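Note that subunit A is present in both complexes that follow, paired respectively with subunit B and with subunit C.
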Partner chain A sequence: MKQTLRNPWVYVIMVVPTLVLYSLFFIYPMATSSYYAFTDWNGLSDYSFIGLQNFIDVFSDKDFLHAIRNNMLFIVFSVFVQVPLIIIFALLIASVKRLQRLYKTTVFIPSILSTSVIGILWGFVLHPNIGPINKMLSFFGIEPVFWLADSKWALPSVLIVNAWQWMGFYIVLILAAILALPKEMNEAAEIDGASGFQRAWYLTVPLIKPIISVVVMLSIAGAMRVVDIVLVMTKGGPVGATEVMASYLVNEALGVNPNYGLGTAISLIIFVFALLLTAIYQRTFGRTED
Partner chain B sequence: MNTIKKISPHIILLIYVIVVLFPFVFVLFSSLKQSNIEIAESPFGFPKSFSFQNYIDAWVKAKINVYFLNSVYLATTSALTGVLLSAATAYALVRMKFVKVSKAIYQFVLIGMLIPGNVLFIAQYILVMNMGILNTHWALYLPYTAGALPISVLLIAAFMKSIPNELEEAAIVDGLGAFKLFYKIILPLTLPALVTVFIVNFLGSWNEYLLANFFISKDELKTLPTGMVGFRDAFQTNYALISTGIVYSVTPVLILYAFLQEKIIEGVTAGSVKG
Partner chain C sequence: MKKLLMTVIMLVLVSTTVLTACGGNNGGNQQGNNTSNSNSSTSNSNSTPDPSSPTDTDKKAEPFTVSLRHIQIGEAQKFRKAILDDVVAKTEAEVPGLTFELEGVEDSVNRFTKLPAEMAAGNPPKIFDLFGGEGDALKYGAAGRLLDLAPILEELGLSNSFLNLDQFTLDGKVYGLPIGGNIEGFYYNEEIFATLGLPEPKTWAELEQAAQTLTDNGYTAFAMGSKGAWVPLMLVNTLIGRYAGPESISGFSSGEAKWNSPEVVAAYAKYEEWVKKGYFTKGELGFEYADMLNEFLTGKAGMMFDGSWRSSVFSDETQAGALTNKVGFFTMPAVEGGVGDQTYVNGNYSNGYGFSSDLNEQELVAVKAFIKNMYSEEMQLRGLLEDGVLPSIKLSSDALSKVEDKIVKKVITIMGEAGGAFSHFDSTVQSSVYKETEDTILKLIAGQETAQSVADQLQAVQDKANQE
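Moving on to the complex of A and B:
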């Protein structure tokens, strides 16, 4: 009887298409990336092996170092501004009974939409002349701000739009963890006279530490590979003010003079950076004491 | 005192809800206005008279219809292929009796979840170019389908594991072969997981920008995310029309979301946490 489930032909037919497609678009590109990163290939057939030259070039380019700095600002902003807000909003949503579902489903909306459309949408909202933000500010007598064209404001604007898009997603993640906690403890603490704030800070937050840790790591990973929102809103400009590693990669590798060797080198750098940062986080702050 | 305590979280949360919804309302209003002047005069105001002309103009003249159909078609086919392939693979790995091989294959597929998509971007570009499919829909269909496989196999396999053996045994006694067992018994039982995975994959392809931007340059093949950017750059001065484009690309997702919120939230969050 078990023979039916031991039919090797059926097994092969079911597994092979997936494996072929997966290997072709995941494993093979990963392998070629690690190879091309050490060449000067620019899309033409002739190329030579140049060792670590791509990496040296990239790290001695001021623009790239600036892009790394911007990625770090994305991380700092998401970990130290977004995450605390995310936790507060999740606690607030968990604390109410009425409208809880409405809050949850509404805050989640931006995270299912296309980043490119969100970039266009916010480009309009932040438009210097007809955008509603400046209209609102002019009401208080503030001169129009060129949010995306002024190098002082461009990065903060992109950071905020990025936060607007993703916060709801993480709020829902944390909310689910809070709602899954047993109710009894909270009720006992309430009877003992603990205030809402005390219960949240001393009871709920310690209990949801593991999921907060996941959110921090997802934020770091997200901040390392952020690119769509930058390309759509500012293309890395004005004068590199919002350039991040991945947009630098796109602009350098697929620009007017394509340089695939350099591009793959940068993508490896992003990959290694992301792995390192999450590893460091896990070793230090991400430890959950058991 | 007590009422203040009860109401204050709602006030903060309602402000947040307004911050989330405000850009959409603004864009919806703007799409019904006649010109930039009307938008600039009262950005928060209700349109003076509903002007649906933008909707007609954007749909045909600005080729939103082309981008829209390309997106529908690509997202549907790649999500469907991804679900079918991963369901078949998950079935073979979880239900069929090749335990050792299956374990190895499963681990191998999961490696894919460690590799963030845009790390492979350049190498995939080269691959697609060498395959001679750059600037065709294949250049997106194949990576989209492949990109969804690891997480889909993981989610569907987890679900299939929970199906009791008895059902399968009874079916085998009745003389069903391995294929029939798959599509007559297991597949229908796995439907909830398949729907979740389909939605996640569909949204992923519907929203994808980076590959779509660099693998496709022919205007008539573009999808909504890239088509919309081109559209914005072309009509930079006509914000009413751009708003209409945004409404067109956001509405289908919102309608889907209205019906399937729980499924979508469950799927999208499960996809990330396990990944």
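Moving on to the complex of A and C:
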């Protein structure tokens, strides 16, 4: 057996199945997508090679540029609103002495619910006529707000629901990191007279920076590929107000006038965007080891 | 030698594993091959079993299933679903071994999401809900995905039975069968109209006066759910038929009519004017088609523009509640200065069933039996009486005289008095143009576009589509 393992071909054979599966489910779809992205394939008729026309069409469509802007807003909201809130909640839960498991479970529940359930649930909550939020506002004499039908409110509503869905998952991640820290440091700081805020800001947060970095990166990647909550709640509407790149893809590739060539071109654009943003983050803010 | 042997054994093991994983669907492929073999034998054979007497009692039939996709979901479609269930039961009883696998899917999800993807993959259900026209039946038919029904209709003696197969016919081939006909018009709440002293609008001035009075009194003039753009487009379509004439609808794709002609712009401008006057449901862009009906049924709206297929709701107490039999129907009045015959109605025979071209011999028998039962005088009359859907096949005057529902009676009267019918432009224009009409109407409603800018954009897309 020892002699067998010295043969480099044995290792080649061992990795072949993985490589085959990887090629089958990643390389091959990517390669065919790359090919179809340069065609006018509509799924039914014969197609022809049209060069960069799909990419030109996409980037000259202001609806797509609006979708990119919305994706960026998702990222900004995730990184600058969601992540700080996640850290604050994780610190708060970590510092409670009683019912910590209850809080942990409670915040985690939304992330195990299906997006469809969340979309429909929040559809009721935000309903202009029967939704509890508008009922409460009407108590103060405020006119019904069309949360999902008004271009002003639709995107903030979806952002908040999306954050509500995923914050619990990240809170639990960060909480695990906080609870894994040695208690002695915190106690020593407390004896030295550091306040709760000082201990959190100067001690805990720097120590969990690597996991925060991972959360930020996952949030960026998640914001780039967000689509399900948008499709369930607004289908990208009203009038493209909540359209993101992936929902634009769905509406173009399928929908009234299916255009798979264009769809695959958009999928490549999303892939490149996500890759670039993640790489930029990793090369800059995400370098925790330095 | 030992090393070589070990290497060879491992190679064989790995290859076997990979090949086994890849070949997991062999059975399915085999079946697929059988299916295509049967198909070719079916097409080569002239002795297709007679669906009217398909039972061969001497031979125990092999069980088989036929997938059937319908859109009869929800309370409002319960009458139509009951008819479908009866047809399914009757067909299963007639064809030995047959079991239908029914799948209910929401209309627009089926039409715009599932079916296009299945057509691209070449695996649509065997029987499915299908719309006629350029973007649906004719496109799929030309791509070879749909069964040509002309020979089957001839075999079943139904060739001359259908009132209108235009939207399903291409080069003499019939790619689908409409389940019924319909016209589109305004439903109105008779109680609210009586309270406000409003007559049933017969002229354009009366219609606009009614809308204004309703708005002034805190009612929504026209209930509308524009989350799906096809809903407001029903009204736009009819406005175009009035302002630009019935011929304009079919003239866009031939280049004879222009979207940015003053008449079509006037139609869009009227819609824009009504939006600005607040005649439609507040926040309509966030409401679904079903919400529109709910708003009307709860007495918050005075009128609703919809198809005659909705009529059965208003005679069903469980759905209409206090509004049962208190709803009237009228078609869009003539527009002053409108082009062409102003008595034309927005009428369609566009929704029905299509059938996959990929059928084996047994499935073909089942399809024929399904057509025979679904498009029988009995079921068509039931559709008319129970569901308020106009028949798609010719019925005797005796049968038609059985209609008691006042809206259906009114619809039949309107159709009798109409000079003709123009169809939906979704069945006459190219898919790319229709998509643009959907995108632009929502922008018009949101105030992001004007009637003129919408018309110009549509014409640009139309020109491009006509050149292709």
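To be clear about the criterion, the second predicted complex is superposed on the first by the 260 of 290 C-alpha atoms of A that agree within 3 Å, B and C clash if a C-alpha of one lies under 4 Å from a C-alpha of the other, contacts with A are read in each partner's own complex, and residues count from 1 in each chain.
Please note the rule applied: a residue touches a chain if its C-beta (ideal position, glycine included) is under 8 Å from a C-beta of that chain, and two chains touch if they have at least 3 such contacts.
Keep in mind that this is a model prediction, so the values were computed, not measured.
In the overlay built on the shared chain, the residue A:Lys135 is in contact with subunit B alone; subunit C does not reach it. When subunit B and subunit C are set side by side, the one touching more residues of subunit A is B.
Applying the stated contact rule after C-alpha superposition, one finds that A:Phe89 touches subunit B and leaves subunit C untouched. When both complexes are overlaid on chain A, the residue A:Tyr260 reaches subunit B and subunit C alike.
Of the two partner chains, subunit B and subunit C are each touched by A:Pro17. In the superposed model, A:Asn7 lies in contact with both subunit B and subunit C.
Of the two partner chains placed by the overlay, only subunit B lies in contact with A:Val227; subunit C stays clear of it. Of the two partner chains placed by the overlay, neither subunit B nor subunit C lies in contact with A:Ile56. Within the superposed three-chain model, A:Ala188 lies out of touch with both subunit B and subunit C [touch as defined at top].
Counting contacts as defined above, subunit A residues 4, 7, 10, 13-14, 17, 24, 43, 254, 260 meet subunit B in one complex and subunit C in the other. Put simply, subunit B touches subunit A in their complex at residues 5, 9-10, 12-13, 16-17, 19-21, 23-24, 26-27, 30, 36, 39-40, 43-44, 85-86, 88-89, 91-93, 95-98, 105, 108-109, 111-112, 115-127, 129, 142-143, 145-147, 149-150, 153, 168-169, 172-173, 176-179, 181-182, 203, 206-210, 213-214, 224-226, 228-229, 232, 239, 242-243, 245-246, 249-250, 253-254, 257, 261, 264-265, 268-269, 272-273.
The part of subunit A that touches subunit C in the complex is made up of residues 3-4, 7, 9-10, 13-14, 16-17, 20, 24, 42-45, 63, 128, 144, 146-151, 154, 234-235, 237-239, 254-258, 260.
Those residues of subunit C that touch subunit A in the complex are listed here as 2-3, 6-7, 10-11, 14, 17-18, 22, 112-113, 116-117, 119-121, 135, 139-140, 143, 145, 227, 282-287, 431-432, 434-435, 438-439, 442-443, 445-446, 448. Looking at the complex, you find that subunit A touches subunit B at residues 1-2, 4-8, 10-11, 13-15, 17-19, 21-22, 24-30, 32-33, 36, 43, 89, 92-93, 95-96, 98-99, 102-117, 119-125, 127, 129-132, 135, 164, 168-169, 172-173, 176, 196, 214, 218, 221, 224-225, 227-228, 231-232, 246, 249-250, 253-254, 260, 263-264, 267-268, 270-271, 274.
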